[in-house]
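Got a structure here, written out as structure tokens. Questions coming.
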Amino acid sequence: MIRLRVNGKERTMDGPATVQELLHDLKLHPATVVVELNEEILDRERLSEVRVKDGDQLELVHFVGGG
Amino acid sequence: MIRLRVNGKERTMDGPATVQELLHDLKLHPATVVVELNEEILDRERLSEVRVKDGDQLELVHFVGGG
Amino acid sequence: MIRLRVNGKERTMDGPATVQELLHDLKLHPATVVVELNEEILDRERLSEVRVKDGDQLELVHFVGGG
Amino acid sequence: MIRLRVNGKERTMDGPATVQELLHDLKLHPATVVVELNEEILDRERLSEVRVKDGDQLELVHFVGGG
Amino acid sequence: MSEASQGAEAPTDPGLTVAGRTFRSRLMVGTGKYADNATMIRAIEASGAEVVTVAVRRVDLDRTKEEGVLYHLDPERFFLLPNTAGCYTAKEAIRYARLGRAAGMTDFVKLEVIGDENTLLPDLHATLEAARILVDEGFKVMAYTTDDLVTALRLEDAGCVAVMPLASPIGSGLGLVNPFYIREIKRRLQVPVIVDAGVGTASDACVTMEQGVDGLLMNTAIAAARDPISMGRAMRLATEAGRLAFLAGRMPSREMAVPSSPTTGMLD
Amino acid sequence: MSEASQGAEAPTDPGLTVAGRTFRSRLMVGTGKYADNATMIRAIEASGAEVVTVAVRRVDLDRTKEEGVLYHLDPERFFLLPNTAGCYTAKEAIRYARLGRAAGMTDFVKLEVIGDENTLLPDLHATLEAARILVDEGFKVMAYTTDDLVTALRLEDAGCVAVMPLASPIGSGLGLVNPFYIREIKRRLQVPVIVDAGVGTASDACVTMEQGVDGLLMNTAIAAARDPISMGRAMRLATEAGRLAFLAGRMPSREMAVPSSPTTGMLD
Amino acid sequence: MSEASQGAEAPTDPGLTVAGRTFRSRLMVGTGKYADNATMIRAIEASGAEVVTVAVRRVDLDRTKEEGVLYHLDPERFFLLPNTAGCYTAKEAIRYARLGRAAGMTDFVKLEVIGDENTLLPDLHATLEAARILVDEGFKVMAYTTDDLVTALRLEDAGCVAVMPLASPIGSGLGLVNPFYIREIKRRLQVPVIVDAGVGTASDACVTMEQGVDGLLMNTAIAAARDPISMGRAMRLATEAGRLAFLAGRMPSREMAVPSSPTTGMLD
Amino acid sequence: MSEASQGAEAPTDPGLTVAGRTFRSRLMVGTGKYADNATMIRAIEASGAEVVTVAVRRVDLDRTKEEGVLYHLDPERFFLLPNTAGCYTAKEAIRYARLGRAAGMTDFVKLEVIGDENTLLPDLHATLEAARILVDEGFKVMAYTTDDLVTALRLEDAGCVAVMPLASPIGSGLGLVNPFYIREIKRRLQVPVIVDAGVGTASDACVTMEQGVDGLLMNTAIAAARDPISMGRAMRLATEAGRLAFLAGRMPSREMAVPSSPTTGMLD
């Protein structure tokens, strides 16, 4: 089982998975978020290749209203 | 009996009297007030001569704090 | 001969005349000016009736730029 | 002969001398100036020991009116 | 009126009504001090103003000066408001008002009785006296005055159809020196309050309208700008902007800062 | 843009160009603090702004909050400018700038490094440090700063494409507190000077543009108005008015009065 | 008077002369609104004022209120100036002026005719009417008025011995809202100009005196301060400072900077 | 100090303490730009200042200029504070600071690093860098800076013994342009805040002290007045007045008026 930290919250996944699959689980469309994996930004193209490992830190961000 | 209006309030005196006597009744020192009798200012000298009549209007004024 | 004062300047006319004629001499169109005769405003209708007399004071005014 | 630069101006002295002697030549009282020799501040005590060498840069400064 | 402002004003702004007569624009302009009439016309058009003030003066019999302003302003498009500028007594002002009525065929008059030559500040006492007489004669008096509240109230009582306090002296361009008094005058009067004189640039017009007054009258700020046509347009936009901002209700101002971006959702 | 302002701007105002990209409107607006997205959209449309700022924040995985602002702003119509609001160090700001670039597919970033929580005033030292690094990384940095001239000059030297001094603290609505410094900054810089933060109402926008600056950015003044849509429109008109007035060249202001009606041609 | 100011005033300031009577201090104070008489006395002493204003009111026959102010102010030290505060018509003000003369055995009166209850702004028309009558009756009228130049000139013509324009409404503490008008009034009048009402703190007193006016009258600013005694002293110093600064002739202000230390004699 | 102010300050004002050294007067003055030394001395004496700033410059070996200022200022009476005026880099400022220490036998230095020749505004970045180094060398650094809060906080963190924000540019005489920032800096710092530069006349000094700051430093306002001696005295009184008014706690200001005479006890 894999332990991740996603947007500051602990999250477990049973078995390995790509970031794309994680987003899918979270019902997030890849086009609408930016993924930072362990403080490195992931290109959208690579979301389906890169696999999350135990202990990974992910930040899933997007634009919100701001001044 | 004499009916007066002194500083906006009805006041009666039994029998005639000078303004000076009225002030004395009111425990006012003549030197500390100005007397207006029926809208005419009374000189201090005349306070002991002038007698109040029924229906007279008197205003007894002095200095108070003001800007 | 008639002596007039028109807009502050002496002016003479040989023989009697209506205000209308005076305006005509001055090349002024009645519609574009207001005539004050001896401090009384003349209605346009009356310009052709009223005759100027010796010593008359006339002011011929119109609108100019102002704030 | 020694070539110095004092307060930005070339100055020559025939023969070696202490800073104190230089000040004396310039009619400056040691107590009233601060001496910087080649960008190092000289303690007043040492003015009579230290000797100027050819090529030395001296700045003689004091307080002036300022805001 | 501009599409932008139509869009904006349409729902909110019925325009300015004085003595039953409604004007689309809240900006009124004078016709004095322009380099030439062509510039005047274009600047006034750019300003969007309908009400333009004019003065009554002698015809120049020597024809050295150009003809009257009437030749240049289409009475179909512009409402000519005669003023009594240059008068120093009630008697004189009344005489000019009558001539203005005869020349303009309107009962509206901008009453001005000057009390001091250096500052051109009004004589409030003579103004009030003249206002009472002119109202009796059936004039619709729009009274030029200072920012003195009590005189403004008296002018309203006297039957003036509008009260026109100054922002600062005529031609000074100092802008709105005392917003408190203007705001109080507006709060207290029923008739339209139209600020007259003192505006120097667009922001002066904007901040004055933000006090809630009904309108503005200006002349020099446009006529004496380097480019009167652009300034005319600037004044039109600034007047609309100030009115809209007043109606929109500004944010409270505070010395403390408040973030405009969320303080939550930050990364670790 | 309104007919009025088209007419006005057409000949005079080529619009605002930042790093080779030209924007028709000189007004930029934020997207924060609106009651709802519908109001935000309408207010922004009313403001005529093309550039709208957005913040980078975590996706709310619990879906309690509404989705990102991107769903509501047509990228064809609006240029989304990511900011680094909420960052307190150069390192943090750089991280958010990179995320903004990835999210917005643009090199433009509004760099903000806050130095104090109470006033939200920028940390000029960290801002300059971050600006240098981001410029090296190919960002087009628009730097939020105070009205400090020397820092503004340094930010220009560092390669920022625009310098954005504040009029007064974020969300304060105090308006342009120090026109001297803003004017001096504009006088001295080559890159566009866009005043950011502090505007409270339309006249603040107007007077700020009259200083000659190239543009304005605001958020709270519109979002926190009682009627944000009308205020959005007011800000659009006020920004145009201030720009036009600056270009038109205002009359000189003087303490002495000057008549606007002729002093000659008076009656006897 | 303080040693400092003695030293300063001695050569320069003969003090303030009204109708032939000279007062050492240019600061006059009211006696209203104090928590208690002890505080009032100490605050007035700290202010250095010689002229103190008093109001005329009915004696309280029920003795619930304390006795008149006369008990507390040494007539040897202070000149009691009766006012007509609270009067709304010329007739009423004249009546109070006469009572004040009888009570104070002085012809001096501070004439006040209020025209509006909310703002306590004067009725300029009734004030002028009352001033003319009181001057005829031999009063030395010091007339409270607005900052309206023309009324100030009329009051001087009417024979007032001093004109007392307000800085801002009574008790408002807004300070000197319109320095232009006050300066112009001072420029044009021969009689002393004493600014009355509106001062809120020491700098208001200072900046008002810097306009060149002859004196100041205040009440609330001292009485309603947290510490009236210290504020009284502050007002005394501020009034002296403002007068001295006016006489000293301030440096010109300019947007450009000018170094105060030498630019020559720098090191290599 | 004047009797008046002694009386006033005695109970309330312990004077100004910087790095353990207490000064009776909160006013510090510069020694530049005087017509002659005699005037300088008398003006400084009139100002009551104990701390006077001096610059470090080359001795004039041609003796065309007068001798150093030390000849004219009694070190028993005045505390000479060396400045680094005219320096444009941290390195240069440090060099001058060391020379000032050697000349004045004091560790106190007024650190000034200018960032722009036209405005003489400080380089906040170089100032902070120099401050850190000088503090390490044991200097008691009083840092001249802008009204930027964050830099002020950093200077305090760096170990400066006083922070000296400007009111407006050196020699401009524009007065306190941004009271908000100065007030906030005072609120937030532990070390004394002494406003330096920009004061033009007495009311500027008074209003600045009313913000609660610990002291003032000025030069041109006194030296460039028509009568520097009277202005020196005016500044002394204005500084005391502003301090006292701050401590006394001013009345609240309000737009509504409040009568200062009783509204009861009026006649029928």
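The first chain written gets the first letter, and so on, giving A, B, C, D, E, F, G and H; residue counts start at 1 in each chain.
Please note the rule applied: a contact is a pair of C-beta atoms (placed from the backbone, for glycine too) under 8 Å apart; a residue touches a chain by one contact, two chains touch by 3 or more.
In this text the structure is predicted, and so the values were computed from the model without any measurement.
Trainee: Would you mind naming the chains that touch chain D and likewise touch chain H?
Mentor: G
Trainee: If we define chain centres by averaging CA atoms, which chain lands farthest from chain H? Would you check?
Mentor: Max centre-to-centre separation from chain H belongs to C.
Trainee: For the pairs E-G and C-E, output the one whose chains share more C-beta pairs in contact.
Mentor: C-E
Trainee: How many angstrom between the C-alpha centroids of chain H and chain F?
Mentor: Their C-alpha centroids are separated by 35 Å.
Trainee: Distance-wise, how many Å sit between the C-alpha centres of chain A and chain E, to the nearest whole number?
Mentor: Between these chains, centre-to-centre, one finds 63 Å.
Trainee: Counting in whole Å, what is the centre-to-centre distance of chain C and chain D, each centre being its mean C-alpha position?
Mentor: The mean C-alpha positions of chain C and chain D differ by 96 Å.
Trainee: What parts of chain G, by residue number, touch at least two of the other chains?
Mentor: Correct list: 30, 32-33, 55, 57-58, 83, 85, 95, 118-119, 121, 169-170, 174, 180, 184, 219-220, 255, 259-262, 265, 267.
Trainee: Of all the residues in chain C, which ones touch at least 2 other chains?
Mentor: Correct list: 8, 36, 59, 61, 64-67.
Trainee: Which bits of chain A are touching chain E when the two form their complex?
Mentor: 5, 8, 36, 57, 59, 61, 64-67
Trainee: Can you check the complex and tell me which residues of chain G touch chain B?
Mentor: Its residues touching chain B are 30-34, 40, 53-59, 61, 67-70, 80, 82-83, 85, 95, 98-100, 102-104, 170, 197, 217-220.
Trainee: Help me check something: in the complex, which residues belonging to chain C touch chain E?
Mentor: Its residues touching chain E are 6-9, 26, 28, 32-34, 36, 39, 41, 59-67.
Trainee: Spell out the residues on chain F that touch chain E in their complex, using ranges where they run on.
Mentor: Listed in rising order, the residues of chain F that touch chain E are 1-5, 7-8, 12, 30, 32-33, 46, 48, 55, 57-58, 60, 83, 85-86, 95-96, 118-121, 169-175, 200-203, 205-207, 210, 219-221, 223-231, 233-238, 240-242, 244-245, 247-267.
Trainee: Using the touch definition up top, name the residues of chain F that touch chain H in the complex.
Mentor: Touching chain H from chain F are residues 115-116, 118-119, 121-125, 128, 146, 148-151, 153-154, 168-169, 174, 177-178, 180-181, 184, 188.
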